[in-house]
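Chain naming follows the written order as A, B and C, and within any one chain the residues start at number 1.
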Amino acid sequence: MPTDALTAVIDDLPLVDHHVHGALGADVDRAALEGMLTESDRPIPEWMTQFDSQLGFAVRRWCAPVLDLPPHASPQDYLARRTELGTVEVTRRLLAASGIEHYLVETGYRGGDDLLSPAGMAAASGARADEVVRLEAVLENLARDGVAAGELPRRFPEVLAERTADAVALKSIVAYRCGFDFDPQRPSDPEVVAAAGGWLRSGGPVADPVLLRFLLWCGIDRGLPLQLHAGYGDPDVELHRCDPLLLTRFVKLVEPSGVDLLLLHCYPFHRNAGYLAQVFPHVHFDVGLGINHTGLRSAAVVAESLELAPFSKILFSTDACGPPELHHLGALLWRRGMRRALSAWVDAGEWSTSDAARVARMIGRDNARRVYRLTP
Amino acid sequence: MPTDALTAVIDDLPLVDHHVHGALGADVDRAALEGMLTESDRPIPEWMTQFDSQLGFAVRRWCAPVLDLPPHASPQDYLARRTELGTVEVTRRLLAASGIEHYLVETGYRGGDDLLSPAGMAAASGARADEVVRLEAVLENLARDGVAAGELPRRFPEVLAERTADAVALKSIVAYRCGFDFDPQRPSDPEVVAAAGGWLRSGGPVADPVLLRFLLWCGIDRGLPLQLHAGYGDPDVELHRCDPLLLTRFVKLVEPSGVDLLLLHCYPFHRNAGYLAQVFPHVHFDVGLGINHTGLRSAAVVAESLELAPFSKILFSTDACGPPELHHLGALLWRRGMRRALSAWVDAGEWSTSDAARVARMIGRDNARRVYRLTP
Amino acid sequence: MPTDALTAVIDDLPLVDHHVHGALGADVDRAALEGMLTESDRPIPEWMTQFDSQLGFAVRRWCAPVLDLPPHASPQDYLARRTELGTVEVTRRLLAASGIEHYLVETGYRGGDDLLSPAGMAAASGARADEVVRLEAVLENLARDGVAAGELPRRFPEVLAERTADAVALKSIVAYRCGFDFDPQRPSDPEVVAAAGGWLRSGGPVADPVLLRFLLWCGIDRGLPLQLHAGYGDPDVELHRCDPLLLTRFVKLVEPSGVDLLLLHCYPFHRNAGYLAQVFPHVHFDVGLGINHTGLRSAAVVAESLELAPFSKILFSTDACGPPELHHLGALLWRRGMRRALSAWVDAGEWSTSDAARVARMIGRDNARRVYRLTP
């Protein structure tokens, strides 16, 4: 099998996107689209355009042809063509061309209003879709439905069990809400009740470290694989507090439970994540969000992710959310990064082609099937 | 426009060096020159030469031909030719060949004795020069001139306004003096007066966190763009306390003021700086000092700087200080790094040539013109 | 001297491995061998093999031919051939082919039972071998032999002097035992006695920060070069507490003593180590352990190690421990990384070939000879 065959294997590989959000359900104008090509939640200043970024250039280079435009089409032309085709057709084309066969859709972000549900993703793409449930959203919904602080330690696990009856995984955004430098121990019921009292009165997103730790440990008890946002994200994070190494003690406490931990994105701490994935059997990681936002530089990020971790501990995700361009590019850029790294190693005679193809399949699909117990 | 044309654009681009110090005004011997090819302030051990470093090799490779020597000339030959030509001619040649059209000269380091002033830089290079004023130096000068602690909260802003009447920016070296893990809040006047009392009695460089925070907030009030040394520097820094991510809370507090923050150098935390520049509209960064001192490896540093940040948030600087070799190489190595990265992307059909040329102009010149309101 | 000649210089250079452990003295089965191809001390899960890693692929690619197998031989074939040849012959072949002429063997790990002693390494390889003594092991042995807490401040330096009469260096694993975020001051005798009292009663590995600091300062007093494990290692480390930058204050306190500090491995903080090696005359570093475990990606790690540090401050080590595959690959991959980096620079006309050859000799051999006062 020569290098061309390896390229074909990587390009044609049906992928399991183990952490993704729904595609947009409705049309967006240029300002809204630009706002979704960055993790910033601030208005884009009038003296710049978010299209002038690695991600913006990647959209123009690789998504334009899927919409029948030439590569490097101008943002104006791209937006016009997008509008002309309509959201349904744009989404259909970009998802289909991504080659993703199975989406594990995290549904806790932005509610269900403007993003497609797992069923909507399946319908729009012809692929399978399963659900990943965000722990913080379950608690916030329970608070909205009404719960007494004293009931929480008993009630939350019940609600979580109901809510995740068909889910394949859990997700925590403790990184956003308080960072990873928390006391990793399971809080006691009285501590939880005390913390819940204050929070239920004030409302809003849950940010109390005691409640966030309670959620994590309820998640561990639930027994599903637990995804943790790590590293790069929106301005809510204090990024230096989201280095996955800060989870080391939590990781050790979780180990006896047998629950798999999935560190998401991790940029620019992906080498640190590779260390954790090497030394702890239950730790896995991806470089999801970091791929889209570094555009063609993601080849370097993908290569750096292939250092310390055994190949059975690395997964593929897009973390796409909203514009289907992100679902498309997340897959395309991952394939490009893997192709570049693995082809060079095969060309130099340093990896065999069959090993390279096998590793691509593991990371792109098979490891996710194993971790999440997906039936092919 | 083929790749050769892109190369020409990058090589011929007149640059705005948005953070630089004066070139040497007088001759130096080998020991003094070697001492300025490192951020170390320790005597160079007898068993080594600082020429055996990436920067030293870069001087021999790229500066030697500007002085009519062959590439890779020996340090001995290089020093001899340098002496033969004399400081004025060496400086004239190296600055002219750098293609820098505008220097923003930070004048707070080493006073005006042995480094050229902005006017001196303009005279030596034929380029424009403006001044960047170092906050800590203004305070230390005010202390030398005599000021009572109780007057400081009122007096310093007045002095700063006078001192910066013609300046284009401010600079802070809080990284050197106490690191970034400080309380980001503006200190109260009584706190400032109390801290000033102790410092004015003891004298010396200002290192009290309260006074340093006072300077930062007076700088914000002044309204000029604020440059912050971040990352790599001399042994005064505790480098792990100079990660720009540690500034996140300060960055958020500054945001409503509309003042631009410029994170300088940032190595080896430049990816972290890229994150801040993506999510906060007023944050910009460069990899200045890290370019010269990594020599030809700066191509990797430049490429890593082109990841998360929108291209309108990345600037060029040399941070050269002393030997005009540093001014020359800072420009030359930046052009080399940009050429390598962008040419590869254009050759692969992944960026258009016109986009690549435009990005080079933004980073090398136009972003600085916008941030500092420079008239072309 | 063209590039081919540079390749020959690097490939034929006799190396000083300045930090290594003994090779295995006895046969191992597949499970045991896999367990030594990772820093994890956990059982390898049944759904994976440690051969599916960069290190595992490197063993199959480069060690298989030394055992007369084709490159990329399967793990089964590799293990079978290994058994067929026997440990003595496998070790002899792999060590001889490494081109290491001098091993500085750290003897504090795993005692002398299953790893070859320095004399055993010399006998198996035909190379020279000297000893590096681990401070913590000396104290733990002294405790086993019996010592009163009150005697320790006087007794330990005596025992250390005896134990290191023929040693070339000391080693500390304070990174594993408490991390680098310790009080860098020398503890007082009463503090040491108080800490020793508790530890001598409870036994076990020494992890008390006071005792670990006592060991470090006794090491400094002994005057031999002091090696410090930094960065990547087994799950005992909390990796974020092993960033060598956290040693900055200790480094400054040690400086007046004139004792050389050697930061080992440092991955993924090797750029940080390069900073320390630039600004402090007595700091040196290597990327030892990080080379083997990143396999062919070690070319990137080696290149990243060639940034800030003067070339006289960078050393070569394998940190191999157990399987002689690690001794072999540590040397092979270092040569490969240096060859790739330096050849590219020479081919581009950016370094001279003679400079490149000289730098390879410095890092691979000459710097170690100078630091450890080895006679050629």
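Rule of thumb we're sticking to: a residue touches a chain if its C-beta (ideal position, glycine included) is under 8 Å from a C-beta of that chain, and two chains touch if they have at least 3 such contacts.
As the structure is a prediction and not an experimental result, all values here were calculated from the model.
Q: Since chain B and chain C are copies that touch, is their contact same (over half of the numbers shared) or different (under half)?
A: Chain B vs chain C: different; shared/all numbers falls short of half.
Q: How many degrees of rotation carry the C-alpha atoms of chain A onto those of chain B, rounded to the nearest 5?
A: 120
Q: Using CA atom averages as chain centres, what separation in Å is found between chain B and chain C?
A: Each chain's C-alpha centroid was found; their separation is 37 Å.
Q: For chain B, which residues are shared contacts with two or more other chains?
A: Not one residue of chain B touches more than one other chain, so the list is empty.
Q: Quick one: which bits of chain A touch chain C in the complex? Just the residue numbers, please.
A: Going through chain A, the ones touching chain C are 243, 245-246, 248-249, 252, 271-272, 275, 278-281, 303-304, 306-313, 345, 349-352, 355, 359, 362, 370.
Q: Help me check something: in the complex, which residues belonging to chain C touch chain A?
A: It is residues 38-45, 47-48, 50, 52-54, 56-57, 61, 71-72, 232, 234-235, 238-240, 267-268, 293-297, 300-301 of chain C that touch chain A.
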